[in-house]
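So the structure is just underneath, and the comments pick up after that.
Naming follows writing order (A, B, C and D), and every chain is counted from residue 1.
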Amino acid sequence: MPDARFVPAPADGVLPDGFFSTTNLPTFVRINGAWIAPREPRMDAGIVKDQGGALWVREGRRLKKGDLVAVGEKEDGSEGIFVQTHLVPHGADPDAFAFMSSEVSREKPIDYALMAHILIEERDRGGYPIWVTGPALVHSRARADMVWFIENGFVSALLAGNAVAVHDIEASIFGTTLGMTRTGEATTGGHGLHMRAINRVRAAGSINAAVEQGVIKDGIMHACVLKGVPFVLTGSIRDDGPLPEVITDSLAAQDAMKRHTTRATMAVLIATALHAIATGNMLPAFVTEKDGSLRELPTICVDSSEFVVSKLKDRGTHQAFGVVTNAQDFMHILRLYVERELMDRKTGKAAAQTSRVSA
Amino acid sequence: MPDARFVPAPADGVLPDGFFSTTNLPTFVRINGAWIAPREPRMDAGIVKDQGGALWVREGRRLKKGDLVAVGEKEDGSEGIFVQTHLVPHGADPDAFAFMSSEVSREKPIDYALMAHILIEERDRGGYPIWVTGPALVHSRARADMVWFIENGFVSALLAGNAVAVHDIEASIFGTTLGMTRTGEATTGGHGLHMRAINRVRAAGSINAAVEQGVIKDGIMHACVLKGVPFVLTGSIRDDGPLPEVITDSLAAQDAMKRHTTRATMAVLIATALHAIATGNMLPAFVTEKDGSLRELPTICVDSSEFVVSKLKDRGTHQAFGVVTNAQDFMHILRLYVERELMDRKTGKAAAQTSRVSA
Amino acid sequence: MPDARFVPAPADGVLPDGFFSTTNLPTFVRINGAWIAPREPRMDAGIVKDQGGALWVREGRRLKKGDLVAVGEKEDGSEGIFVQTHLVPHGADPDAFAFMSSEVSREKPIDYALMAHILIEERDRGGYPIWVTGPALVHSRARADMVWFIENGFVSALLAGNAVAVHDIEASIFGTTLGMTRTGEATTGGHGLHMRAINRVRAAGSINAAVEQGVIKDGIMHACVLKGVPFVLTGSIRDDGPLPEVITDSLAAQDAMKRHTTRATMAVLIATALHAIATGNMLPAFVTEKDGSLRELPTICVDSSEFVVSKLKDRGTHQAFGVVTNAQDFMHILRLYVERELMDRKTGKAAAQTSRVSA
Amino acid sequence: MPDARFVPAPADGVLPDGFFSTTNLPTFVRINGAWIAPREPRMDAGIVKDQGGALWVREGRRLKKGDLVAVGEKEDGSEGIFVQTHLVPHGADPDAFAFMSSEVSREKPIDYALMAHILIEERDRGGYPIWVTGPALVHSRARADMVWFIENGFVSALLAGNAVAVHDIEASIFGTTLGMTRTGEATTGGHGLHMRAINRVRAAGSINAAVEQGVIKDGIMHACVLKGVPFVLTGSIRDDGPLPEVITDSLAAQDAMKRHTTRATMAVLIATALHAIATGNMLPAFVTEKDGSLRELPTICVDSSEFVVSKLKDRGTHQAFGVVTNAQDFMHILRLYVERELMDRKTGKAAAQTSRVSA
């Protein structure tokens, strides 16, 4: 191993190019063949050799022009500086100190172009993308976007609870969800509107019948019925009503869900802890292609908090890619990117598009 | 007050039209002039009179055809049913039991059309919208959208901390933020890149100089410099560097911010608890027009969690309208809606647009 | 209305006693009978009259000794200062600008003494407190505390899902929960332990039988069986197994829960969105005493995030008192306070205790 | 590798002892020397061989007595069952499918006994534990517990912002924090009380002087002054006042903090993102003992949400142990455990205690 190299600071408060940027891990600098630990260690600073030869970890702002600063980017000793990475934990990659190594964080970028691309690919090769959604999707008016995905063939099956259908149907009949208007105001008397919506469907006999009779005129359930997309509505103890199609026995409901998870080639889980974890329980982490080859099953989990995504992973669905955002915004932007790629493909930019995604 | 009216259930498990939908508050039904409390009270159910004349709160699904069900929508006794609203708390409006009455919730719809409209109006009448942003804005790649708002005249001043500028400049020079690539991967050695970015600007002498010298080639700070939009970068104990323009004394920093809050006619606070609350402290809740009239100062607060918005309100900035979402997605959709309204105005749809917003 | 009164600042940067502390709302100061709006309004500052008679809102730190500062605490004009509270929203109380007016916040103190007192009172007068719990309670080792509450008569019924019992029984048989040791480490092969625990109970035929046969030796379900406390385990689509006693039909499960909510005189909802909201749906907000008088039904909702409590309220359970904390810590401290009050009562400090609580 | 072994189910819906519990990863079962993938893969189930010899992944509840079920616990093929762990991500340990492998979660148990033990050890050997706290500590009345830790020698230095001292002093003078009473109610006129508290200290000249003059009679700052515990109050743009001792220049403030982080042998970071990350920036991840040996620096980070802890780690403070709970509850229970261990030591249970912790 060589000795470390030192270069003078070019100006007060400015480090020389190529300065070694410190970490908070034990660090040793080789001088005349001896490995020395600089004093006052901290991250995000430089290493300075004072006139007496002592080494200090020092913030760049505290440097004087001409101060001798260690240079090098390697932490393995090959440039005379060694960082001991095994005393204390220091990130997901056991060989390197790193920032931003957590798995799930709202600070991570969201790659909508990639998700849109995968979704289109799945549709176009006859895959079976399943969508699993919580009521926030309807509540916060991503309803129109969900309808668009259904109508354009991106949804092979919809798995949800009673509440998704109830809010969707209340919106169709009364223009509200839980009595809240589209601009978010609570309305007097509005607390009964979801009950009145449920009652009309029960009177009609089924969601299908209510669509046929014109009771339900638009929305998610309406699109599923018209487009022939199968839906599984599973019951829970929170349910009002419930709507006629709801499977109230939880084991029968699991079996109904499993008929779709077994066929799934992609899963989009939005704003639901209960249904996302239930689906994760039944969903293989991989797809078996017709030729027997295996590939990871793309699984996207969208929630407002890191917690739901982490919980899903903690129950074994490690392949889930977490998107920490609002469900309404997710739907809107994902649709936008899908529309963009479809437009690009039409206009011959497909090749460029694909390479942009993979780049 | 009249007696309550009862109507037979039209089928098993189906309530009659106009049924009274119960709350969890003390409820009294008038029968032969006497006010009677039904048994087994709960919300979201009907009120049934059995053959012995006893009253029961009963879920719709448990009804038999012909069961007598109370009808009416008023809760003030005028239809023979009285709900006592003053024994227990029951929502923000003290006169009515209601759902969805919380002030800040991810379940509330986000009215992007309205926000876009207000922003355009403020720009076009020469208002002074200030933007206060946290580093997540850069971290999660809403950078291009922020540049767009600056270049198109929607930003009268930018108030932020050292980190916003550091991440933005790291992205310009190295293509990463805190060493994380645009697709969210941590990179080996990446932990030092923000330090190298800071050091280059310190070597150049200022952000302005670094833009002129071509060290900073694009991004938020670049756009501010080129467009002449004033920015205030305020220091904190978390700062690396800091960058040359950062005001490290917190009282001087407050004074610099206040020069803009005093002129503000609108405030957009994105993904920052520290700067949002600091701005809220100094920001009047109202705008004084030239003719002396007063109007509420539109204040939008965007954060991933309800907590920051509630905290801002708990410190007195009650006029803040909370948007619970990811900063990247917020920026992208807000820009989309602004672009749409501008396009509509060009193509003569302005009148329609405006009425849609106000509807 | 009188004119406002001004008093000189006693020293540089120091306001006089009784200074008027500003808000961010429109404010008018009466001088010579005219109402004047001070310039540069902001909250948390004083109002200074300069030598030319102009009024400024100014931070205390910027004062010079002798500067004339407005004094008064009333905002209704009666001391010459008027704050206009109706232009912009300014808190829950429509008549006063206030801090800390949100309903649910981790920043609110938790009054354990009061909760402990209510719980003891309910037990001692033969009330019917129901406990509704999520799996975090077991997961994070509040198990021993829950057992203590059951054994000491504070639990009239336990309402929970399959997972609570599964984790509890896995802990009894294998000493882990979802394969995680008591100190929080994941164990290799541990992912199957909850399945083995379920299988043993299914082999025994029931939880009761498994307790009798010595398969289950301690814990929450064990305590319920020994103490004769009724439990309702309701099924969901997430369930593994399920355990034999689990009611898999959600409507039958609701009916089983309602038999307890109808009798409840208090409810403690811990770390469960699904079961808390389901219970809230069925729970009256009040208790009817034997003499026909009504009182609010004490409802405590504990969760790690403000969101679950707000959601519960947004579904109509407005009487819920929210405690934003970790379930394990809540249980431990609540038990401590209950033990303390019981000890105080024994040693004759009961009167003092009670008055302390009400003070 | 041997063939897999199959054992008949002992009863309907019951798996045989030692059954293989499935994961969601690609799985192969050896039969007559060939590796076969069972159909309908999912986690948390068994593997059944039907009469035709076909293999199925099947939930235990669906078994019939006598069905042949694969047994074995190894996933490496040594018992005839092989799980392919490298196709898809499956947890933190790259060699095993596991539950509960996330680093930071409210579902993880909190080992108060261990933290209490470390804290006592640090104090007793003359270590230098630094405490870094946010205002929630005072706001939510953990104030008395913090005073106890100071008075009993567990705090070598207190690092905080202006707000911690302001709330603490408002509580001492007026009995409120931000005008909120000890039971959490907002008070009319209360919004000015923190300003009045600050003003009194500014009039006294310093916190030290205010303690001496009897203006401040109790609380955290009072205990620091009396006990001679150094405190560093660092300024921010959110500060009201500020109090006289606050260091308003952020670089001077960093230098003042660093004088303590350099000496630190332990760090407790409570309810503050800003100060925790600032401290983490300056804190080595290790302690250098007098003999030159190195050990990890115990770092505890307490916050209501996973996000702050993850963010701290994402900025490089990987050694932080995260505790997701309410600050008030954390303080109360930690004190309780410290008191318990001190009592045990007095009464000679020290040896037992220590072994319990290490067990």
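The criterion applied here is as follows: a residue touches a chain if its C-beta (ideal position, glycine included) is under 8 Å from a C-beta of that chain, and two chains touch if they have at least 3 such contacts.
Not measured: the values here are computed from a predicted model.
Student: Please indicate which chain is farthest from chain D, where distance is taken between mean Cα coordinates of the chains.
Tutor: Chain B.
Student: Which chain pair shares more contacting C-beta pairs: B-C, or C-D?
Tutor: Top pair by contacting C-beta pairs is C-D.
Student: For chain A versus chain C, what separation do you get between their C-alpha means, in angstrom?
Tutor: Distance between chain centres, rounded to whole Å: 30 Å.
Student: Rounded to a whole Å, what is the gap between the Cα centroids of chain B and chain C?
Tutor: Roughly 24 Å separates the two chain centres.
Student: Could you grab the centroid distance between chain C and chain D? Build each centroid from C-alpha atoms only and quote it in angstrom.
Tutor: The separation of the two C-alpha centroids amounts to 21 Å.
Student: Could you tell me which residues belong to chain B and also touch two or more other chains?
Tutor: Answer for chain B, listing residues that touch two or more other chains: 23, 43-44, 61, 91-92, 97-101, 106-107, 178, 191, 240, 242, 251, 254, 281, 304-305, 307, 314-316.
Student: Which of the residues in chain D end up touching chain C in this complex?
Tutor: The contact residues of chain D facing chain C are 10-11, 13-15, 19, 21, 23, 43-44, 60-61, 73, 91-93, 96-101, 106-111, 114, 136, 139-141, 178-180, 182-184, 186-192, 194-196, 198-199, 202-203, 240-242, 304-305, 324-326, 328-330, 332-333, 336.
Student: Under the touch definition given earlier, write down the residues of chain B that touch chain C in their complex.
Tutor: 23-26, 37, 40-44, 59, 61, 84, 87-92, 97-107, 251, 254, 258, 261-262, 280-286, 288, 294-297, 306-307, 310-311, 313-319
Student: Quick one: in the complex, what on chain A touches chain C?
Tutor: 178, 191, 234-240, 242, 248-251, 253-254, 257, 273-275, 277-278, 281, 304-305, 307, 314-316
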